[in-house]
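Below are two complexes that have chain A in common, paired first with chain B and then with chain C.
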Partner chain A sequence: MGKIKGGGFLLRRLFSKVFFILTVACIWEAVKAIGGYSDLLLPGVMSILRSLWLERIQIFHMTLFSLQIIGIGLLVAIVLAICATILAFSGRIFSEIITDVLAILHPLPGIAILPIAILWFGIGTKSILFVIIFSAVWPLINHFYTGFRSIPANQLEVGRNLGLSGLKLGRDIMLPASFPHILGGIRTGWARAWQASVAAELVFGAAGGNGGLGWFLYKKRFMMETPGVFAGMLVIVLIGIAVEYIVFTWVEINTVRKWKTIIN
Partner chain B sequence: MGELLKLCDVTKLYKTSEGKEAVGVQHVSFTVDEGEFISIIGPSGCGKSTLLRCIAGFEKINDGNIYLDGTLIKKPGPDRFMIFQGLDQLFPWLTLKQNIAFAMKAVKAVKSDEIMQRAQNNLELVGLSGFGDYYPYQLSGGMKQRASIARALSVGPKVLLMDEPFGSLDAFSRKAMHHMLLKVWNKTKVTIIFVTHDIEEAIDLSDRIIAFAPGCILADIKNPLERPRVRETALYRNFFSELNGIFETNFKGIDLEFERLSAKKAKLISV
Partner chain C sequence: MYKKAQKVVVVLLLGLLATAFMAGCSGKSENSEVKLDEGLETIRVAKQFGLVYAPLMVAEKKDFFSKYGLNVQWKTLGSGGAVREAMAANELDAAFMGIPPFLIGWDKGVEAKIAAGYTVSPVSLVTYDPLIKSVKDFKPEHKIALPSPGSIQHILLAMELEKVMGDPNALDDNLVALPHPDGAQAMLSKKDIVAHFTTPPYLFEELSKPGYHMVLDGFDAFGGDFNFNVALVTQQYHDNNPKGYAAFVMGLNDVMNWVNENKEETAEILAPEFKIEKEKLLEYLESDGMNYTTAPYGIMGFANFMKESGYISKIPEDLQDIAWENVLAQIGKREGKPSTMEKIQWAK
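This part shows the complex of A and B:
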């Protein structure tokens, strides 16, 4: 029963997204026709798609590059966030320090750290990775920490009653009990990482001609190929939709929706 | 029936956030026989839950000893299983059967090929035989408590520690739960220590009743009534008055509700 309902939910969401995109395309064309804008300012939908097709190989490689660097960055950020959360729970001093650090650094946009990153790591993938990790790690810590604190005391005590402690208690009870928050954290972390990677490349490009979609946008803008800029943006949007509505929704349906422990 | 649990001079102190010492449990001694069903009654905040948590091993006691079957209790263990009042003690990410299987796997007491069968048997025992594949959110409060009891029994505890387990339920389902609990007790012969503030609940269920006042035992009385207990009889009313009288005389002029709130406000810290 849950599965069918879940599948229907997925399809419905997908359908509504496709419908939305088609509507936007129609309005887009209408605005262009009425305003009589040139392709340099506002390219038509067809020329954007044409550019997308012509650049498909380059876009494909750059997308892979982006996903790879984001994947690595997110993974490192998750590991760091787990360490920070465990530390926060191992003593009151640590939890206060981490709360303070979070309050200071969480509001700082990842891209604002870019000048420092370039200073420290030079122009290249390392700096971008640093910005990605910096952007993702704070919301991750925030969510993980909240998640661990919101575990019902009774469930922890049942675990202790069964003789579980340390790693086993963490893996078998704390992890699934705080999973709604963990999922929320990874979701936010992914979005931040994706934004950070594009933003960082847009600002200073890439070293050695090896870059992701932000670098693609940068090059197309530099060469005044506006349809290419929009094509790159379209790919970014599509990947965002795909990850949100396929990966995260799938995980959600099979976990927190099934358990009815969903928080948002 | 031999002696199973023995508390000798147990003291558990707390301190308030201002550093003042507050007593949770003070020099409490009593024994519980194997297979006995005893109730600890008293007003909210009198330390009866603390006492239960000490037996469970969740709280480190400051003084005295607690023995189970002659062995000193130092930490929590599956031989003393706690049932809480809260309806959130089942793991929401597991079905009822998985909840029970999880407990059995954790204590490694049951062979893996027998786990599912035993989980099913325990669900039947508490009247939930058709609900093994349900997730906790799909159940009513009473069913959740039944499942918690089934899970507790699955690890084969010597003592079931019940901390106002039916306190969150309405009067009707509470009645059904009493019925079920007595059936389970008759069948499994498990020893039960039942904490409640409801005098009638204690009379209905237990062999022996310990009246608890802030930190210490006021009275330890054998229940004189035959089972099943009928609330309308004169004997029942007399026994009820006797128990009620203990609290009336001991709590004259003390506003317990107020005391409890100020204790909560002071934030007790275990010492």
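This part shows the complex of A and C:
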């Protein structure tokens, strides 16, 4: 089950994906035709694609901006999460504090702290970055911490019996055992970072020319260009799919699937 | 071995699902329908917060609509964009918005027309930077706050930019979309933004501070008076509820006149609502340029510019395309040269 598949398999998967997309497009058009919806309420697939094509340069720049800010935010959040996890494992007090802080702040949506972010950092990129980091860091800590805590004791003992210790034990036993959680954390963090960046830009727009896809959606919404709104959402979805299937799947195949630490 | 584990996981999750489902069913509560008064026409109207809504708030307090047999269901919505979307989705029968946002909606097929003008109000671009005297003086790092893209403020700025610099989009990269209160707060703390395109009371508040001055007067940019907002009623409501429509328009006229005649009492009624002192509110209500009127002003004036600059794809061929008959009758159709009322619908 955990083997890396051959070319024929990839082709079949690609085919099934294309088939899926075509089916969705057909259902979409059918709903539009049967319901008699105007382009304002439910734009057709073609007008969404046309809008995507017409706005490609703007969308490209805004996508780059979004990816850049999310990348920075996620990286900072991961570093912070690693620090917090190290802290949590270096003393009972820290571990309790971090558990409490997590319980308080994890359920708080990142967008809810936007008013405070604006007060502290002003209107602009810094505030969005703050909201992104805030949104991503809690699920990251949660997953990292759970991951290392849920390493089965018997695996650790087997490792020790084999004479492993210190860094070697960490690399060969602890990391593989907790990696599904770490990967899950990064996946959640990535999703939360996207949500935060789009939501923040939807609330207060962008500062000047610097804006990401949330700002694009905002502008299209206020111009009532519904096809443009869907085009923006489509780009967000496509990036999500691309990252999921290219980055995360690759990491998964080369780590947890190879090590067989998950059951699928 | 893995296959077996998968099966166990599926069964486990199905069990959880069933539990959740049963919990959901037992927790279901009955929805209580709101009973409406028999024999009354009902209209669903969007309301936002701001001084411009003062007449509407008075109407609500003093039952100016119910005396014409109209029951108004107020729906509070956060932004002009949401109001327009609610109209498109037939969640609203009537709303108030600036002419440019209305034209954008009209262009995209929102079926509503102007049922009345709704006030003429100053709207101006303010700055605290002494070096900025005209729109030409803005540098790329200068941020300008206005409520949203496509708002009346945005279009007025674009009109001026076209006149002065030949490019309506010259400052698009300087714009920050901020609701009026947030913009005013940022302006007064001189943080992030250097200019704010806004309306009373924020406009008066900012201009009353030393060093804050006007860069652009909206009336100058437009070349005449224009309705700050217009009252819109959807095609569906207008066609199916003539009595409700008539009552809505009459109620608006009634309250508007009442506010003009009784500004002091208006201030008294609304001071607690706006949480400002009565005297200050009266000052705002009586400030220069405020005109509480339902007459149409400049309702065609934005269309040409918006078409040329690409904000809309078509312009109304005739007033009939964007206004209901009571407004058309007010404007009239003079044989020969256009009348004064007809002329003031266009920008100079």
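Everything that follows uses one rule, which is that the second predicted complex is superposed on the first by the 220 of 264 C-alpha atoms of A that agree within 3 Å, B and C clash if a C-alpha of one lies under 4 Å from a C-alpha of the other, contacts with A are read in each partner's own complex, and residues count from 1 in each chain.
In this text, a residue touches a chain if its C-beta (ideal position, glycine included) is under 8 Å from a C-beta of that chain, and two chains touch if they have at least 3 such contacts.
In this text the structure is predicted, and so the values were computed from the model without any measurement.
Enquirer: In the superposed arrangement, which partner chain does A:I21 touch: chain B (first), chain C (second), both, or neither?
Expert: A:I21: touches no partner chain.
Enquirer: Tell me which partner A:D39 touches in the superposition: chain B (first), chain C (second), both or neither.
Expert: It touches chain C, and chain B stays clear.
Enquirer: Going by the contact rule set out at the top, does A:T255 touch chain B (first), chain C (second), both, or neither?
Expert: In the superposition, A:T255 contacts chain B only.
Enquirer: With both complexes superposed on chain A, which partner does A:F179 reach: first (chain B), second (chain C), both or neither?
Expert: Touch partner of A:F179: chain B, not chain C.
Enquirer: Tell me which partner A:A191 touches in the superposition: chain B (first), chain C (second), both or neither.
Expert: neither
Enquirer: Between chain B (first) and chain C (second), which, if any, makes contact with A:N161: first, second, both or neither?
Expert: The first partner, chain B, only.
Enquirer: In the superposed arrangement, does A:L67 touch chain B (first), chain C (second), both or neither?
Expert: A:L67 contacts neither chain B nor chain C.
Enquirer: Going by the contact rule set out above, which residues of chain A touch chain B in the complex?
Expert: 152, 154-155, 157-164, 168, 172-173, 176-177, 179, 255, 258-261
Enquirer: Given the complex with chain C, which residues does chain A contribute to the contact?
Expert: For this pair, the touching residues of chain A are 1, 38-41, 118, 122-124, 204-209, 218-219, 221-226, 263-264.
Enquirer: Please name which positions on chain C make contact with chain A in the complex.
Expert: Where chain C meets chain A, its residues are 2, 5-6, 9, 80-81, 84-85, 88-89, 101, 104-105, 107-110, 140, 143, 148-151, 172-178, 182, 186, 191-193, 311.
Enquirer: Please name which positions on chain B make contact with chain A in the complex.
Expert: Going by the criterion above, the answer is residues 56, 58, 76-78, 80-82, 84, 86, 88-89, 91-93, 102-103, 106-107, 135, 137, 155.
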